[in-house]
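Chain IDs A, B and C follow the sequence of writing; residue 1 opens each chain.
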């Protein structure tokens, strides 16, 4: 394996890193929208209004059973024709992954809410609380702490899934890697480096999430039943 | 809304879609059997007593869990050929990437399932003179399998969806075929909607089965 | 004097299972009623119907003479908002305490007052401290429930219910989950409440409490009231065979004298 030279290596890295920034941008935006939408879907799914329950369940199931790449193509190629809007790669990516991740986050919320002891619902009901008050004051505060590991895991999955945006020409890390590999005819070095970059970033996030989890676990020792 | 939906055109290419579907199934069959089978072996390696077995297994799992599948597939398709003297077909690259990824993820399911068995079971087996392998085979795995059914089925669903990534390296699975049809007939809406519906129809019953498994045998993932 | 709680011909089914088969029960103000019966007799279900934790299948429940729910086409219909308001007037204490683990003892007792009754935080805190003192736990106000013993948790649960200023208190086997040596402090608190004039309906297995504190004992069997009377009558000289068998099963209870 010939050595491309240190300077060239640094130049190449300099080319790749803005791609990483774009990857993080898409992931961040998708999380920003995906989590609240996921909460709304979960509440709709658990709520008392039957038509809403069915609709939310359908949305969640549909976006969990269809592959993200199909969704991305649909939002990028198909939707613009349907509703007559300009769809940039970035917007299509954010829309796709917001909705896609929200379906998974909805399940995390649902699992977290369901994991809270039924006695908590009983006690709140007995002092006259409505469902809404119970969720807001009693259930969700307890559930959130339990859902952090699942959230972290889902977020990291999202980070990995956003590599797909390279297929609609959004200049994320994967896209730039493809470009660089084609230009330099050095796929082995480029793709190995990219794998390493992803690995490092994801490992860092995993460790970070683990640390946050541990701190919260310590703080909530007083919350144990 | 002025758009006229026309599925007839897409469906007239049913043979193309069918070919794509079969290609998807072929990729799925290979990746899911090798992936889950390899995952079982890897899970047991990660649980093993000897560090010589454990550390490489852990390194493998960490590498393939913390890099995106697409990066793995692309690496096998573009980077590996530089190292080896033979051609890597789109099928081979996709199969390798998805399989290794699945081995890494499912090994964690197996490891978790094995570890969740109470110590009392190990001790009881030990007390009647069983060795490690016998205990695994007769006592631990049969019980652990039940708890692992739901997360394993979930993993299977993920593997099925991952097959679409093979389209990026031009393997002619069903999404690739849809792209082809879309480019010929200029009907991306119907083409991609059709693919989405195909996946939904195939996977929805399996997802429902997962819920049943979860309820009967305990938590998933 | 008009009874504070009136239950008329109460029926409750869970699917095809008939749990309550026509219960009539009147409770006057200041009375302490103990509901006895073996498991499956429906005593907990009856209690839970009174504050509408379970919705009756048929029958009428009145609070201060006013029927709960609206009559529509011969059936009683219950609106969520009405039931929420009703539950602020009836307090309930559970077998498994169900304290809110993410809040301190004081916050537990304040929560209903602030969120449901919309009292100011100052008023709620003052009332909360008063109720905690009443059950003897004011020094534990800033602790989290995890740090308390079972008996202390249950007394906090009682304070939480009392802070809503209920007219009736319902106790659902509140000592069944406690270690034996902690049962006493909870029963003592309940006795104190009874002596202060609170109207109480208790499902319990504590026959000593029933004998010494209750004004009336009601024995349920298979969803109907089998025998009813003063503790001396029902526990001392039971008429029904089943009641006798039940008491013999509780061999720890010996009649005084």
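Just so it is clear, a residue touches a chain if its C-beta (ideal position, glycine included) is under 8 Å from a C-beta of that chain, and two chains touch if they have at least 3 such contacts.
What you see is a predicted model, and the numbers here were worked out from it, not measured in a lab.
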Topology of the chain contact graph, where touching chains are joined (line, ring, star, complete, other): line
Chain at maximum distance from chain A, centres defined as averaged CA atoms: C
A-B compared against A-C, more contacting pairs: A-B
Per-chain CA centroid nearest to the all-protein CA mean: A
Chain centre separation (chain B, chain C; CA means) in Å: 54
Whole-Å gap between the CA centroids of chain A and chain B: 20
Chain A and chain C, separation of their C-alpha mean positions in angstrom: 47
Overlap residues in chain A, where contacts from two or more other chains coincide: none
Parts of chain B lying in touch with chain A, wherever the complex brings them together: 1, 3, 62-63, 66-72, 74-75, 78-79, 82-83, 157, 161-165, 167-168, 175, 179, 182, 188-189, 192-193, 195-196, 199-200, 203-204, 207
Complex contact set, residues of chain C against chain A: 51, 53, 80-81, 84-88, 91-92, 94, 96-102, 111-112, 115-117, 144-147, 157, 160-161, 164
Residues of chain A that touch chain B when the two form their complex: 61-62, 64-71, 73-74, 77-78, 81-82, 159-161, 163-164, 166-167, 174, 177-178, 181, 187-188, 190-192, 194-195, 198-199, 202-203, 206
Touching residues (chain side chain A, partner chain C) in the complex: 117, 119-120, 122-123, 125-130, 133, 137-138, 141-142, 220-225
